[in-house]
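These are the structures, in structure tokens.
What follows is subunit A paired twice: with subunit B in the first complex and subunit C in the second.
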Partner chain A sequence: MSLHAGIETLDFSYDGRHAAGRFAPVLVGVVGSGNLEVLLEPGEAPHCRVRVETSARGFGPIWQAVLDDFHERHALAGVRVSINDMGATPAVVSLRLDQAVAELQSEGQP
Partner chain B sequence: MNARADLRIWDHRARQRSARQARAASELGTALRGKQVAAERSVDLLNAVLEPFDRVCLEGNNQKQADFLAKSLVRVDTQRVHDLHMVQSVLALPEHLDVFDAGIASRLDFSFSGPQGGRLAQLVSQNRLQIGAIHTYLELFSRYFVDLTPQVSLIAAQAADAAGNLYTGPNTEDTPAIVEATAFSGGIVIAQVNEIVQTLPRVDIPADWVDYVVLAPRPNTIEPLFTRDPAQISEIQVLMAMMAIKGIYASYGVQRLNHGIGFDTAAIELLLPTYAESLGLKGKICRHWALNPHPALIPAIEAGWVQSIHSFGSELGMEDYVRARSDIFFTGPDGSLRSHRAFCQAAGHYACDLFIGSTLQIDLDGNSSTATLGRIAGFGGAPNMGADARGRRHASPAWLQAGREARQGRSGAAGTPRGQKLVVQMVETFREHMQPAFVEKLDAWQLAEQAGMELPPIMIYGDDVTHILTEEGIANLLLCRSDEEREQAIRGVAGYTAVGLARDRRMVENLRDRGVIRRAQDLGIDPRDATRNLLAARNMRDLVRASGGLYAPPRRFRNW
Partner chain C sequence: MISYAEASARERLALLFDAGSLREWLPPAERLTSPHLAQLGVPCAFDDGVVIGRATLSGRLVFVAAQEGAFMGGGVGEVHGAKLVGLLQRALRDRPDAVLLLADSGGVRLHEANAGLIAVSEVMRALLDVRAAGIPVIVLIGSNNGCFGGMGIVARCADHVVMSDIGRLAMSGPEVIEASHGVEEFDARDRALVWRTTGGKHRWLTGDCDALVEDDVAAFRSAAIESLDTRRPLTLDALQAEHRQLASRLALLPAGLDGETEAITLWQRLGVSEPVRVPALDVDAVRALRTA
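Up next, the complex of A and B:
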């Protein structure tokens, strides 16, 4: 359940192979119409837990598909992903997720 | 010679024209001086000249509007003037439909009704008007010379001289096609002008094709339809533009092309001097254009990418820039742009190798349409730009390569060597408000049923579309060899839409192996490189700067 009226919260969990280890939190994107913010923080291995808070309600199956593909691409372990979405399209969501992972990797981790 | 043949009148149209002129002369008296009619008598002029059931062209372009004459037409006496058959390319102003509401006109043949599309659908459902057909521009202009010839045309020009010669200014647009059809078939041409001058900068329409000139109280309405603020271009649009340049323009060596309007294609224009330049493509692509003077093309022109541009119309604010770049644009001896919608449509159809544009819906056969429920909007020029010109055509490398891909391995008539125009639909898989661009069935089918149309209003037919480009990749439909392959190629770039999620993953991977589907990675493009930094101009101010201060955007775009 969400604290804000109109905001939908969705939780997803995966088990990954690529342990992220220790890293400083990564934040990409902005909260603005049609955009989103993605925050990566260290989590409990081998899990990759994703929490989505979105202003666009009713798109659970699409989030599921987008995040399944994200997991298939990176298979992260030990990461918590927090998404703050203002109606971004799946293309923008995937791009931000990949940008966040790229920043994580450029810090010398996985 | 038999006596009966002698009785036949062979100059009915000329006699009718004289009769119309005589009625106008007697109605207007001294308010008619030469060809000039006082603005306050414009309604009387129309009452005198028009007859019930006349075919009337009220010049509605997609930019310039004969708005004063439109307002006058709405005020005619319906006892004298009724059941007009309007034949005009664009319905843009409320008056264009008010004439049907008021019972002045009852029949309509047109091309595009953009902003009036909802009201038009309503009037049709109330039986207030009958639509003959929805045309492409070129098709409607053609019918002006066959079976939809106007008896009276109401046109707009920038200026007239005392004799009645007209200067249209840069927005010549439809005027020559309308006037030619009317003046040479015994019709009456009435022009509204913004000013009457002693000497015109140039003559676009000669005086003896014009019957009456009205000095309008206000300059005619004109819309800047082709200005796209680069500030609104998204990273996804940059990514798609990179894929278009590398995956299509470079792959086929496209030199002659037409761009639709919209931010997707504006992004391509703004990536030419940056991304395309870095790929070493300068001179190898995009040299000749059929295009309005898009402000977004300024950086590419300045960087020496563009050799020629012929334009359908003009664009507000581009006048001085065009004047200063007369090697690139078609300009008169006076220096200003001469646009011409009919010729430019023909150029786009017969002399270009690629059309790229956007749409609202694409189905599994690749048919696309911007028609949505409750709106009859028409398509303007897209169906001509976005169609292979059947019949014999000159060869060019891009056209030949597309033809080879389509015909490889085929025999008989389908295998006879021949080229094909590249027709690219460029869409994000989801539009705003998460409306999917890919659908199982176009709204056009339901619309056809509701409005009693004989065919669904498809804009571009699937068998003319060669590539579908989304953020997920490029589907090359030329390489598909069955309906099933085509369907999976389309599903394979349809992203997370219901159509995309229902793909056969194995078949899509197979199509990718064969190069039928190419993803950004397959083209050597990292989506993370797709940033707005690649745009040669990132806002309106950058465009003005790139033009050396020659481009003067309309006030609404001056956001700095």
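Up next, the complex of A and C:
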């Protein structure tokens, strides 16, 4: 691991049961201090692929745990999740992810 | 009542314009992000902190831009500025009824200083081109972040400025003045001083904003609808008249006043009776105080 103070990129992949189908991209949250934005887009089923770009380096295992929990709650299939993070806490990340899924379910239908 | 100040840029757009009418250009999924931030260890935003698009306002086609103050203080970086310029240039081609700019910015994004400075100057030029083509440009200011630096100049280049009492408008922000001229000149932590010298009530009384509204999205919407056909003449005569007005305002203030008395003295000399009461008055009462 380099000492370079850059952005850390983390990739995760799950296989889900709940197909999201076609939907317009959903964006929630803002990249502000202690906050993050979450973008949901259609992906290749049955995968749910997650890419995290974060300014807080070295928290890979915590992202893994938070996203494992997220997958357990929703088990999305065919969704690409992209996150820009500015040091959000795990609780905030979980809430943002759930908010994105709620918006997907409320207005994602074409 | 929904607070305009506490809403995000996207929430403001959703609530201010006709429901469901916004069509965003270069939306987040396009990932048109800053080419500069990552190497500085700062995360990007998928929209680079500004939403642009077209919408309808009371049924009329308008072009809109909303800056997100929570991302890098709404700072104008290279992409952010290019999106604003592109929106204004497209307005020249498509001729909407107006362009509305929901400003929420500290000015140039210092991480992209040179690119940001150039971008802001391009925004000013494009804005004036749009006005010269007879399309009104309206700026709304009511975020906690205010409208400062280059964006403060952009706002004053527009036809019409709507502010809430929470909104702030100036060139150099409080921290910048304190850093460059010392705390004796300006104490940026003195909130009363900051609002007396940059806040919506002050801007209303001095004529730097054209409408003063409550911190309410619906109030901003009404003021925006009312302003849709507002055009200030963009002529040499108008510019010279503005310079005369600014010079006479400057002459109203004797030298050597401190921050405690400066704004209050100015309000008094602008014809406001009992100017010390202004900070405690509500928006309706302050609206009635403007003399000219």
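As a working rule, the second predicted complex is superposed on the first by the 102 of 110 C-alpha atoms of A that agree within 3 Å, B and C clash if a C-alpha of one lies under 4 Å from a C-alpha of the other, contacts with A are read in each partner's own complex, and residues count from 1 in each chain.
Definition applied: a residue touches a chain if its C-beta (ideal position, glycine included) is under 8 Å from a C-beta of that chain, and two chains touch if they have at least 3 such contacts.
Every value quoted in this text rests on a predicted model; they were computed, and no experiment measured them.
> Pick one for A:102: touches subunit B only (first), subunit C only (second), both, or neither.
A:102 contacts subunit B only, not subunit C.
> Touching A:86 in the superposition: subunit B (first), subunit C (second), both, neither?
second
> If you stack the two complexes on chain A, which partner ends up touching A:66: first (subunit B), second (subunit C), both, or neither?
First partner only.
> If I apply the document's touch criterion, which positions on subunit A are contacted by subunit B in one structure and by subunit C in the other?
In subunit A, nothing is touched by subunit B and also by subunit C.
> Within the complex, which stretch of subunit B touches subunit A?
Going by the criterion above, the answer is residues 234-236, 239, 428-430, 432-434, 471-472, 495-496, 501, 527-528, 530.
> Which of the residues in subunit A end up touching subunit C in this complex?
5-7, 25, 27, 30-32, 35, 37, 39, 41, 53-55, 82, 84-86
> Can you tell me which positions in subunit C touch subunit A when the two form their complex?
Interface residues on the subunit C side: 8, 10, 27-29, 38-39, 41-47, 68, 70-71.
> Tell me, which parts of subunit A touch subunit B in their complex?
Result: residues 34, 56, 59, 61-62, 65-66, 87, 89-92, 95, 98-99, 102 of subunit A touch subunit B.
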